[in-house]
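Pasting the structures in now, so scroll down.
The following pair of complexes shares a single chain, subunit A, combined with subunit B in the former and subunit C in the latter.
After this line comes the complex of A and B, so read on.
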């Protein structure tokens, strides 16, 4: 089977990376930041009723699959997506697509991918990658978090595709069957921003968007009293780990969104978006300052200023900055009508 | 080891509360972060290093120049800072 001529680019986050690589392959060159922003990837949610390792779920980006879904539902795009019950059928359909020179996106469980260093494997079942060929018993894989393409035995990939547990992929494979010849940047940028604005400042639900950040701040400052130091530090570590490790590192989703706004400013020749990008970078810096303070507490080397009250204040600062940016963006959207 | 690399190594050790290794035996191209880190630095430490570098040298590690790439080794970090300072 001849491998597809597929250009691999490393990215910070798997889903936006796969989306960017698949669209670029279809002749629509797109940076990861642009795929993230157009796909409405930014979010904040503090959902204590959903437990992850018995700790409340905190998320800094849209639900897994949200970015791809955004493009799949956009005018001019169609995406073939399929899940399976039968492993053999899942392998056969993947191989059939590869035989037609179609690079295929897969949802997988990280833990079962042997090319990941052992220490970095964990049970996360929404890891996206692209398979672009098969040589003997190996798939040729463009895994966006790796600097170069990798190989993965068919048996291991099949196991990863059928990992069980939360967000079980059930063999999910997908690829674009139709894409427009060109992208209407203005339309996609405004729609992407509108979607995120609605979630970040337009939702009445108190646990998401800037309200959610403030809710977390309120909870966080009570943790030492309510949970005791050990559990409080555990909760804090979880908040930072979700911010720093599940995704892009260092408040990275905020920086990625700022990069999207910056790129949009250039594409649309609109300096207002550049101002918004600069403000959003400041938000990323504030998130990073929060995370650094929390890291010192978790690592048992706190400075005098690293208190739960101070960290809650920093979170409120993040909320204020993001509220400001999304209010500005909403005004900008109104002007686009 | 260049003097700037030594300065960086001292900064990293102070930030992460680590004992300074013997400079003559330190491989500046060895992995800095992760399971094979020569200093035993994890991603939470990496975050503090990113913040300290930004505060000390005014050099940001953002999405465009992912901290994962920059923090591969002391040599890559040193080169990135010197290029962007």
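After this line comes the complex of A and C, so read on.
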């Protein structure tokens, strides 16, 4: 089977990276940050009733699959998506698509991918990658978080496609069947920002958006008293681990969103978005200061200022900054109409 | 950099967004940010502690070796139940030596396939490496 001529670009986040790589392959060049922003990828949610390794779920990005869904539902785009019950059928359909020179996006479970470093092999089932060829018993894989394409045995890939547990992929494969030659940047950018604004400052639900950050701050203050030092440190480390998912540069996905706003400012020639991007970078820096302080606590080498109260205050600062920037963006959106 | 602070990515260069001197965000290639390594190390320490605790319980005869394979592969009874297509309570019972000893080859094969070991390993109570491989040596336990 002849591998597809597919250009691999490394990215900081798997789903936006796969989206950007697949669109670029279809002749619609798009940066990762742009795919992230247009797909409404930014979010915050503190969901203590969902547990990961017995720790509360904290998420800094939209639900898995949300970015791709945004593009799949956009006018001019059609996406072929399929899930399977039968493993053999899933392999056969993937091979058939590859035989037609179609690079295929897959949702997989990280734990079963042999090329992943040992320390990152947790049961996370929403990792996206692109398979662009098969040579013997190996798939040629463009995994966007890796610097170069990798190989993965068919058996391991099949196992990863049928991982069980939360967000089970059920063999999910997808590819764009139709993309427009050009897109209306203004429409996609405003829709992407509108979607994120609604979630971050327009939701009445107290656990998501800016309210969610404040809720987390309130809970975080109480952890040492309520859980004891060891459990409190574990909870704190978990918040940071979720924030620093591979390659976000320390600030959740805030820096990536700032990159999207900067790129949008250039495309739409609107300096106001540039100002919003600068504010967003400040928010990312505050998140990073929180992570650095939390890491010192987790390592048992806290400075005098590294208290849970101080960290909660830093989180409230993040919330205030993000509230301001999204209010500004909402005003900007109103001006666009 | 101490061993504790070494990157969890095994030296694979990841990329991340960072603001340059002009304030523009750009993708920079490099190792992961140090606080990430610290909190990842913390998570692994917690898992290793749990593995050690499980080993001790197996040696004392309180748990079957299935519990070890479950813990070392980061699973709980709920997740293993999904992988093995059984009820959670059934998996829990199999983590107890009394019930584990009575398991037929069919059920053991199911577990062996999940954990990349043989039925004999499970029957003899061998504690093999996890699916993702590790430097930890094998040892035997009375299942």
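Brief remarks follow.
Keep in mind that, in the parts below, the second predicted complex is superposed on the first by the 333 of 337 C-alpha atoms of A that agree within 3 Å, B and C clash if a C-alpha of one lies under 4 Å from a C-alpha of the other, contacts with A are read in each partner's own complex, and residues count from 1 in each chain.
By our rule, a contact is a pair of C-beta atoms (placed from the backbone, for glycine too) under 8 Å apart; a residue touches a chain by one contact, two chains touch by 3 or more.
Nothing here was measured: the structure is a model prediction, and the numbers come from that model.
When both complexes are superposed on subunit A, subunit B and subunit C occupy overlapping space and clash.
In the superposition on chain A, A:154 makes contact with neither subunit B nor subunit C.
Applying the stated contact rule after C-alpha superposition, one finds that A:333 touches neither subunit B nor subunit C. Looking at the shared chain after the overlay, A:291 reaches both subunit B and subunit C. Of the two partner chains placed around the shared chain by superposition, subunit C is the only one that A:233 touches, whereas subunit B remains out of contact.
Contact with both subunit B and subunit C is seen for A:12 once the two complexes are overlaid on the shared chain. In the superposition on chain A, no contact is made by A:320 with either subunit B or subunit C. In the superposition on chain A, A:268 makes contact with neither subunit B nor subunit C.
In the superposition on chain A, A:252 makes contact with subunit B only, while subunit C stays out of contact range.
In the superposition on chain A, no contact is made by A:57 with either subunit B or subunit C.
More residues of subunit A are touched by C (comparison of subunit B with subunit C).
Only one segment of subunit C in 7-15, 43-51, 115-123 or 133-141 runs into subunit B in the superposed model, and that segment is 7-15.
Taken together, the two complexes place residues 12, 33, 117-120, 147, 237, 240-241, 244, 248-250, 255-256, 258-259, 281, 291-292, 295, 298-299 of subunit A in contact with subunit B and also with subunit C.
Within the complex, the subunit A residues that touch subunit B are 12, 33, 117-120, 147, 237, 240-241, 244-245, 248-250, 252, 255-256, 258-259, 281, 284-285, 288-289, 291-292, 295-296, 298-299, 301. By the touch criterion stated above, subunit B contacts subunit A in their complex at residues 16-17, 34-36, 43-48, 50-51, 54, 61-64, 66-69. Within the complex, the subunit C residues that touch subunit A are 8-10, 12-19, 23-29, 32-36, 38-40, 42-44, 46, 73-75, 79, 82-83, 131-134.
The touching residues of subunit A, when paired with subunit C in their complex, are 10-12, 32-33, 53, 111-112, 114, 116-123, 145-147, 164-165, 168, 233-234, 237-238, 240-241, 244, 246-250, 255-256, 258-259, 262, 277-278, 281, 291-292, 294-295, 298-299.
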